[in-house]
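Here come two complexes built around subunit A, the first alongside subunit B, the second alongside subunit C.
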Partner chain A sequence: MSKIIKNLKQFSTSNDRFEGAHLLCPGCAHSIIVRELLNCTDDNLVIANATGCLEVCTAVYPHTSWDASWIHIGFENAATAASGAEAMYKTLKRKGRLKEPDKPVKFIAFGGDGATYDIGFQFLSGAVERGHDFTYVCLDNEVYANTGGQRSSSTPRGASTTTTPAGRVSYGKKRYKKDMVAIMAAHGAPYVAQVAPNKWKDMVKKYQKALSTEGPVYINAMSACTTEWKFPADQTIDVSDLGTDSLVFPLYEIENGHKLTITYRPRNIVPVRDYLGVQGRFKHLFKKENQHIIDEMQKAVNEKWELLQRREEAGI
Partner chain B sequence: MAEKLKLQEVEVWDGNMAFAQAMRQAQIDVVAAYPITPSTPTVHGYAKFLADGYIDGEFVLVESEHAAMSGCVGAAAAGGRVATATSSQGFALMIEVLYQASGMRLPIVLGLVNRALASPLNVNGDHSDMYLGRDAGWIMIDAFNAQESYDLMLMGFKIAEDLNVRLPVMVNQDGFITSHTAQNVKPLQDEVAYKFIGDYKEVNPLLDFGKPVTYGAQTEEDWHFEFKARQHKALMDSKDTIENVFKEFESLTKRKYNLVESYLMEDAQVAIVALGSTVESAVQAAKNLRESEGIKAGVVATRAIRPFPLKEVARALKDVKAIATLDRSAPGGTLGMIYNEISGAMYQSDNRPIINNYIYGLGGRDMTQKDIKEIFRDIKRNADSGKLVTPLQQFSGLRGPKLSFFN
Partner chain C sequence: MEFLGWDQLEAGAVIPSFEDKNSDIVKLKQEERNYAKTNSYTASVADWRVFKPVFNKDVCIDCQNCWVFCPDTAIVARDKDMLGIDYDHCKGCGICAEVCPTNPKSLIMFFENDDNDTALSQWPEKKKKEK
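Let's turn to the complex of A and B:
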């Protein structure tokens, strides 16, 4: 059952099933993304968590930040852990062995972009193909933040990471970010969306839609990483605003694999350069010899935005 | 509600069908599985039972063995009966999650149909996969034929789910020789089999929302050691439950199982220690040699591989003068596992027999009666000489020049 959240005050005083006591960095967007999801429903929750920042910062024995059923197995298999638990739920419901047979249960999986785009890609693909009734949320900070800032296949072109460092002859990562939203939509998942914590109303709306959707749902959540993106800890929302308003992170959803809807249109689209300029990971791009990379990135963002708009218009 | 299946007093099943029938009778709540030779027919059999309405559980057909065990862990933590089957490379892919299953104390049952590990690729039976899993914190039991595969699979659930145990159980059988050879199996009827195992007892299930639990927490140097020590203790203590379940099964079926099985050991002077279908072959060879050559030969096998029945092994071998330990897995630069473990057990006993090691049957190479008799004659020479006159480690059944090590 969805909870009605009308304003920020009501949201901020909402009951927490994800407790504030955790070890995430000050300014980490993960906790905002997770907390909103857990607080937007009154249903019972089973949460599967991939190894990563969220996991290591919220379940260090003998403590736990989770006032909900929670399981972490490994780096790659959060989607499969959720699959197994969901399958057990279906069996026990059929066999009349549930303690609260009438109360809805939602299955959620959290993974970072390393767990989602890379090592758990096959597991997520399998779980979505099998059609389990669960919501997978990728906390996309575009880097292996927990292991010291290595590149993932979600890392954007031009970013300096510890394994693709900018140097005398390198401008950082050469390849573009993998389009995970499109890949999940291509699986025919009934609902796929991209969210950002600065647009919290849009995020809650999508979460509630996700949880009420029967079948597999994929949510790609932009999660600004103060440590690896290299910006001050009190500017998470400002950086996120530049992410959505530059359209580097466009907010949209895709239903049944094809029906695309743009859910946020910035009143003033800001240049990609502005988004890059506030992050240390892109600092080297502003050197004279690397400026063309910024131009290329702007071009890629423009093209993607054009594609999204055309797809929305065409309704296919 | 699942339909019952009426079984004959004696069925003709191969080892895979024996596994599948026992899994059906256990009324498993969730099976997550992925196909691999030679365990595939276990999963096929289970799928057919499901399709025909003889099973009322969920069957999650995952995209890899790693996912199979991951799905099993998720399902078992949710709170119900869970099992799967695999072999070889698939088992190797599962390894990471095997440790997580045992660390979380989840009573998952795994039917492991033993097969060689690549490279070179090989689909036939040896014990490389079994050996690979031996430190994973699972209870490991070994079936030597199809009847035992059926019996031990049933008992596996009862052992794993016992409230004093709560550890995953691996039931091993030999690929092809056991898994694909039709044999007579005396099954229990469905009600009797299910009653023997009993209803699943939940412990800290994810689906108990009145009491939310955190599975898979992190521990570092402050707690990890204590967790692992407790896990080891649980595994060591499971011996009592295993023996109790064996006894209960015996009173139900008159089929007796022991932590360590002994054959022709009453007056044996030399003994082979082996695993899998080789145990029956060795018993046959021992019988023949007793008649034809008067060698007082016997056979010992560890029914329970983990927990390792150290004292029971020493007791079973307390009067022999020489032992041949037969390992069906490439030893990777040392002596075979059975050699090391039997030697360790005998070092703690008053009897200090001469022990040597044979590597045999890799990749499904036949272990012939001739080979086994040769081994018995070897160790008879060791016994008669009162010292090791054979190589410490040699390869049996290998083509080309004889190969031996630690000479």
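Let's turn to the complex of A and C:
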């Protein structure tokens, strides 16, 4: 049975299963996202973690920050490890060899955007197609932050990274971000959602729905990265606020591959320019010769928002 | 604690989080748990800080915004009350001070070497709303 969380005060009585003194940067949104997922349920958890910031920082020998079963796996196969564990659990349950067969167990896989959008893509696709009962959470910080800030296919257009540096010749990455949520919805996954750490209630609601859904679930979590997005460590929640309010990261969910629901409509929509302005990786876009990129980005965001609203109305 | 070198560890080695085998860990508060020495709860990142948050109980309304947004599990909240900051695990990022909604803020960042009592005596007055 899922835990009932009415308000923040009640939520704060949860006993944390993700311990402090991990080595993620101060102000990293990864741990906010992970903590909320681990706090929103009382069930036992089996967690597979793809290589990335989260994995290398939470299990530095001799310490571990996880109070749940956690497996360190290669860059590409978090989804594979979770589906394998789930298949074994089902088999043992059928054969009656589990010590506590009545205890609910949830299977979770964590991956960064590199592990999800690029390297682990076919493995995730396979696991979703096979229909394993697990939840895949992509911590989307739009860059390979762990290895020094290389571009990934999640990096947005115009961002300066170490492999797409902005300068006299280039304005940064030239391609748009891959729409992973739509791709996973197209797999026919029963539940796909996009969350952001600043909207904690929306996030908890979606997590609980995800964990109670039978079948593969994909969650794309916006994770503001202080180091690679280049903003001060205490601004994580403010930058996330700008991301959701400017609709660069619209919060919505898709059920059964088609039923789209927008879960957060900002009261005042902020221009994309404000969201870009607080981040050092977009600093060069405010030069005179690059201004047209901002206008193009605003146009793309508007079109995406229009499309989401139309899809929600039509229910297809 | 004795640490093994990289060439002494076996492939597939397990790091335990707790000394005992308790499968109901979610029902225990952090101070009731029997942490193993390999749990990062026993470690400290206090030396990362340049600024530290100082907590003023008198202004706090127990909204728990700091608890939910703390990336380092460093806000101690028990039974819906905000008790204070776990200075062993706080890295001084300043998110808690930023999300604090009270006026004046009940969490303010001070320089790491400042004394907490001195900091509390310098607490700012309530700001009037600008018209």
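Here is the rule we go by: the second predicted complex is superposed on the first by the 312 of 316 C-alpha atoms of A that agree within 3 Å, B and C clash if a C-alpha of one lies under 4 Å from a C-alpha of the other, contacts with A are read in each partner's own complex, and residues count from 1 in each chain.
We adopt the following convention: a residue touches a chain if its C-beta (ideal position, glycine included) is under 8 Å from a C-beta of that chain, and two chains touch if they have at least 3 such contacts.
Predicted model only: the values in this text are computed from it and were never measured.
Considered on the superposed subunit A, subunit B and subunit C are sterically incompatible, since they clash. Look at A:E100: by the touch rule set out above, it reaches both subunit B and subunit C. With both structures placed on the common chain, the touch criterion links A:V46 to subunit B but leaves subunit C unconnected.
In the superposition on chain A, contact is made by A:G126 with subunit B only, not with subunit C. In the superposition on chain A, contact is made by A:E36 with subunit C only, not with subunit B. In the superposition on chain A, A:G315 makes contact with neither subunit B nor subunit C. Once the two complexes are overlaid on the shared chain, A:Y61 sits against subunit B and subunit C alike. In the three-chain model built by superposing on chain A, subunit C overlaps with subunit B at stretch 218-226, while the rest of 2-10, 38-46, 146-154 or 218-226 show no clash.
The interface of subunit A with subunit B overlaps its interface with subunit C at residues 44, 59, 61-62, 64, 66-68, 100, 103. The touching residues of subunit A, counted against subunit B in their complex, run 44, 46, 48-49, 55-56, 59-62, 64, 66-74, 76-77, 80-85, 87-92, 94-95, 97-100, 103, 105, 122-123, 125-126, 129-130.
Those residues of subunit A that touch subunit C in the shared complex are 8-13, 15-24, 26-32, 35-36, 42, 44, 58-59, 61-68, 100, 103, 197-198, 200, 226, 232-238.
The part of subunit C that touches subunit A in the complex is made up of residues 1, 3, 9, 15, 17-18, 23, 25-30, 33, 37-45, 48, 62-65, 67-74, 77-80, 86, 88-95, 97-99, 109.
Within the complex formed with subunit A, the subunit B residues making contact are 29-30, 32, 56-58, 60-64, 66-67, 70-80, 82, 96-97, 100, 206-210, 212-220, 223.
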